[in-house]
Amino acid sequence: MGDSNQSSRLTWEGCSVLLDINDGERLVFARLSPAATLKIGKKNCSLQPIVGCPFGSSFRVEDGKDGPYLSLVVATEGGNIQDEENVTCEELKDNRALVDNNTAQSLTGDDIDEMRRQGVTGDQIVEALIANSTTFEKKTSFSQEKYRLRKQKKYAPRVLVRRPFVRSICDAYFRKYPDRIGCLRSDSLALLLSMANVAAYSDVLVVDMVGGIVTGAVAERLGGTGYVCNMHLGVTPHSMEIVRIFNFSNDICKRIVRCCLNDLCPGQNGSHAQIQNMESESVNQLDVMEGGISVKENRTTVDASNKTAKRDPTTNKAIKAGEVASEELIGLWKERGFSSLIVAAPDLDVWSIMQKLLPHLAYSAPFAIYHQYLQPLAECMHNLQREKIAIGLQISEPWLREYQVLPSRTHPRMQMSAFGGYILSGTVICTSESDVQ
Amino acid sequence: MIPADPSGRLSLLRRIQEGDLVIVYERHDHMKAVKVINGSVLQNRFGVFKHSDWIGKKFGSKVFSHKKGFVYLLAPTPELWTLVLSHRTQILYIADISFLVMYLEIVPGCVVLESGTGSGSLTTSLARAVAPMGHVHTFDFHEQRAASAREDFEKTGVNKLVTVGVRDIQGEGFPDELIGQADAVFLDLPQPWLAIPSAGKMLKADGILCSFSPCIEQVQRSCETLELKFTDIRTFEILLRTYEIKEVRAEVGEGDDGFSLRSPPRKKRQHSTEKGSAVEASGATTVMAKPCSETRGHTGYLTFARLKCL
Amino acid sequence: MGDSNQSSRLTWEGCSVLLDINDGERLVFARLSPAATLKIGKKNCSLQPIVGCPFGSSFRVEDGKDGPYLSLVVATEGGNIQDEENVTCEELKDNRALVDNNTAQSLTGDDIDEMRRQGVTGDQIVEALIANSTTFEKKTSFSQEKYRLRKQKKYAPRVLVRRPFVRSICDAYFRKYPDRIGCLRSDSLALLLSMANVAAYSDVLVVDMVGGIVTGAVAERLGGTGYVCNMHLGVTPHSMEIVRIFNFSNDICKRIVRCCLNDLCPGQNGSHAQIQNMESESVNQLDVMEGGISVKENRTTVDASNKTAKRDPTTNKAIKAGEVASEELIGLWKERGFSSLIVAAPDLDVWSIMQKLLPHLAYSAPFAIYHQYLQPLAECMHNLQREKIAIGLQISEPWLREYQVLPSRTHPRMQMSAFGGYILSGTVICTSESDVQ
Amino acid sequence: MIPADPSGRLSLLRRIQEGDLVIVYERHDHMKAVKVINGSVLQNRFGVFKHSDWIGKKFGSKVFSHKKGFVYLLAPTPELWTLVLSHRTQILYIADISFLVMYLEIVPGCVVLESGTGSGSLTTSLARAVAPMGHVHTFDFHEQRAASAREDFEKTGVNKLVTVGVRDIQGEGFPDELIGQADAVFLDLPQPWLAIPSAGKMLKADGILCSFSPCIEQVQRSCETLELKFTDIRTFEILLRTYEIKEVRAEVGEGDDGFSLRSPPRKKRQHSTEKGSAVEASGATTVMAKPCSETRGHTGYLTFARLKCL
């Protein structure tokens, strides 16, 4: 893309990463600044060792001379260990003889602390715990694996470094702060992108009142071509804080612009100044977010402590996503119309928005509207039908299910998200008289 | 279908030209892809439509037949294409396609491998996701199916983004020249576990694989094979439920028959997608939505895995 | 119960049966009268051979000297053949060499007709077709099974005799005439019965505008104890035609009564005469229904031809379900209240109904309301909450999925019903002042 | 819980008596079963409730603690019991229970076999379905679990309808004295295929069996075994989605901020079942419902089969 970072498979200083701690137990977004740290358990580790490593690398907390540090794990081939839920399947049947009480483990907390002081690694502690468990041998092989995994998470936590793409960002917010993204689930977001035909060189109009996740998702798909225009209907622009979590290159950032609906109307373009103010205000929010996405509730404050460390590199960026659209661009849009539209505005009336925005779309442009409630979409669909503005109208709801696939223990996950929202999609038709001669 | 430069985008200024592919929309469940050729006609139950009448119209226009029947002419998209393409095999639909494209982290510039090509329903969406500078290498066992796919990609104009190979991926694996080239691999094969080792070699470090299988036994066996070289192995299923809307009159007050506040629905279907029944304009009406009664109950399981970083 | 028919495992003359033709291909409810016939393919067979057979028996159409007749099939142990849907799984991979054209079968239609004239059985014809198929040997074993099954359905159709219980009745209506039962799916109906705690000796109030399926379901559960009171709110009673399809004994029938809401109000009981009229009117509808539930659309008229034959036995019954509730009963209900309530009235306003009916329930009585639309239930729930009339309120929607379980070909069914309706359930609380001192 | 005669039915005339089992309702997700004993008290976060205050009250009454906290006293039902019983094992919930009771064609007078008893969640519903003259024979491997179940059935008063046996059904099969007695058999066992041959012997001609298993491999193996003696083998899964309601104010007209027609929801939860947020009484309000975000994603597969008529 003309920006080596964007397609790099190695992390770099200043890049945004997703840290997956203990296989999804906790997810943290962080920026790899020199001063950035991560608190795991009671230990504070510098993120510096991560810089320059390939995405996908695993780290383990080790106790060094200068305190705990992240140490790269060299993965071995062979079996992964997956989580098992609370199901009584065939293989579990012979656990019944087992009484798991506190006397089963002869190592005490003090013993373990002492081992740590002596520089024993987390993995060695786990092995010691197993060796000193009187019940381990009586467990089924499956239960043994579970035991090992549980101890490993506690005494030898792993940190996996992931590149933040839209799915993982959306999933992390959905799990931890669903309200900030209007409960938009990643599969619904994926449908919005398809239904609105987000493709290279498109100019996509978005009403994103879900923290910028839609704006970021569209920008990711555009890859530095076209534009995503984040439109606000009133005078106040909408927050785009989530856009910062993506590792967008300058090429991509400059394709993310803001615009006020009024600016698209003939002879109006007065709200720029105020928007600029809002922009600088929202930076603070942003940084909190970057450090704050932690899946375990009680860790929030801990992770937020990274924020001061991370402020520097963000402001280093030459080009900021979400600048106000230039008059030239606005002029082009007035002439050509947008190539598609996505609306994710949980608190606004859908039909009112559509009435205002549809005139700014090119004919044959597809659109997709996300909402948490069915009724507003039903009414909007009815009105679009009645006024013959759009065709191919459909309200759909995705239903997503994850499976546990393990030998003799395959079944859908016991916990699931029951709801990913509703989507109204359709295609605008040409209503100008000249075409209906 | 996928713009190769900024001028290719949909615009209020663009008009239908000779050689354009248009989607002729009769009804949500009745569409057809047509190449516009001056002098040609389209004949359907609404009459005869002259292509020459279409040229110069905007995309999204309503056009009429000799007997005043009408259709709409839409600009093609991968989603519309999925609804009109010829089914040479079971095809993938929008819910699975959208989900896997996002999960595979396919962005512009990516190199993606696919097997089999099938009817090319997914390929077109993959091409859109890697455009403008990425590439999709798709392979099918059947010589003829690959040839038909190539024709289709020519027709939809995604051919510059897609290379179709004829190859038995289960038997031979992907070609060696693609080793370490792929950001993502998609498998839709009867015995995906046979192709997984080769797929692993094609992937860049940290690359992702997706295998689509209708039967759980295929998933179980694939997962066993994936364990060796992959991590983050997760299996999903995604379905789409659609809703129909109905307008009902709200007769407030007690009728002869008790408390009938809502008149029974009249089933007067207009367009079948836009399922809905109309009620006369008299009286206050209210719109309600409910799930459509029938749906695809299963398409397949999507198993994702990421190449282990060694 | 005191009625031997009710628990009989053999059919009897005059009993209602569900005939399952070709493993669910077509479902017909019929009454085993001496003159009753069933048309299968082009053949009209008397149902007489079924009388006295165990429920669960299978019959096959054979050509006898006096024309086609139903002949009892003696089942063999061993594999069932199940339907396979259109999936390309592993085992199917080697069908690609196969070209299935018309020349693959050397037996002609004329040949088969000739065989039939010579008294060759359907099974023998199927074997002959297989022997004369040039492609049969090239098929996979799975495809061979499919081929055999297809031919068997055509040339040797089977009729399986089932006892009509509420599930099969509901399923048959749901498949063929969903509108007549307000699209109430059997799993939703099952939930209504649980949520309304339908138990022996209960007096269950129902508003059943779904053809009597709810009334019948409740009566089946009461087993001749308690009462199910089918209430109409206006002057016109609701149809209970489906109740006739159940094989209810007299003991059960007399527990099914009708009542007008006004009759429960102090000093009113004037609508009896009119109800009686409605009752006799609905008998005609009923008979059409009994013959008419056929799953293949084009058979409807054929099956309806049974109706004249079946009228006699129905009218023989001494006690008819759905008589008007006696004044004594009504008096008891006024004093004691009903023990629970089920509402299935797709076209009525739910909240209006509930306001009228709740005063007639005992305190702590559970209720369950079925509706096809969410919005009316949401509003009703909100009002019940606000006015503190009920607790434990919940809107739920069942989601049912069937699986194909076959070696190496296990997956959810490709076709499914996406919607079984919504249910609002709750428990009435005591609002009388004397209890809140 | 299940009336043994007409006098046992719920009625406006019935009042809570010494020895009655009542369900103490705090909130939809906070209930408790209590035996009323004169002189006893119930203590919870709302205060101390004297049982003696309850006696003579109607079922469904609101009763107060010494510090004016309140709870409701409900008559027990199998559904409420399922929400309050102690979980000695994974239990079955209302959707599975309702569906299988209907599918098994259990009506008053039926004889039903069940293994294992587990926490007795299903047993109580089975007892309701066979009452007043049928019977449920339920078996559990664990002596202690069976004893606890017996105590529970005593407590809920279904003991006359239920016999609890201690028996390893997988190993020994059902007892011979029940051969040919059962209208329906329900299996919830880790290896149901071991018990299926015995279950077949217990069933009357045309009787139905249901096997509940969480894993698909258990279903596959059970279906193979069922093929031999059973017909109409069908496997289902049933889930329940619940909805929460919200009241929103409809501010018609354009606000300062654009077109905000609906005020943002205020999250003021009252009762957690009756999930919903309240808005002040000012202005016109509208109620909307949406699915609750979390649900049980899987309980188990229900496989049904009917004994072949030979």
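To keep things simple, chains are lettered A, B, C and D as they appear, and every chain counts its residues starting from 1.
We adopt the following convention: a contact is a pair of C-beta atoms (placed from the backbone, for glycine too) under 8 Å apart; a residue touches a chain by one contact, two chains touch by 3 or more.
Every value quoted in this text rests on a predicted model; they were computed, and no experiment measured them.
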item	value
Of all other chains, the one whose Cα centre sits farthest from subunit A	C
Between A-B and A-D, the pair joined by more C-beta contacts	A-B
Chain centre separation in whole Å, for subunit C relative to subunit B (CA means)	38
Subunit A and subunit B: spacing of chain centres that average the CA atoms, whole Å	25
Centre-of-Cα separation between subunit C and subunit A, whole angstrom	48
Contacts with 2+ other chains: residues of subunit C	374-375, 401-402, 410, 412
Contacts with two or more other chains, residues of subunit D listed in rising order	216, 237, 241-242, 288-289, 291, 301
List of subunit D residues in touch with subunit A within their complex	89-90, 190-191, 214-218, 237, 241-242, 255-264, 288-298, 300-301
Residues on subunit A engaged by subunit B in the complex (per definition of touch)	1, 6-7, 9, 54-58, 74-75, 77-80, 82, 163, 165-167, 186-187, 189-191, 193-195, 197, 199-203, 220-226, 335-337, 339-340, 362-366, 374-375, 377-379, 381-382, 385, 391-403, 405, 407, 410, 412, 422, 427-430, 432, 435-436
Interfacial residue positions of subunit B with respect to subunit A in the complex	2-6, 8-14, 25, 28, 57-62, 72-75, 77-79, 94-95, 97-99, 101-103, 105, 107-109, 125, 128-129, 131-133, 204-206, 216, 219-220, 223-224, 227-229, 231, 233-243, 245, 247, 270-271, 273-274, 276, 287-289, 291, 301, 303, 306-310
Touch list for subunit A against partner subunit D, complex	86-90, 92-93, 178, 183, 232-236, 261, 347-349, 352-353, 356, 372-375, 401-402, 408-419
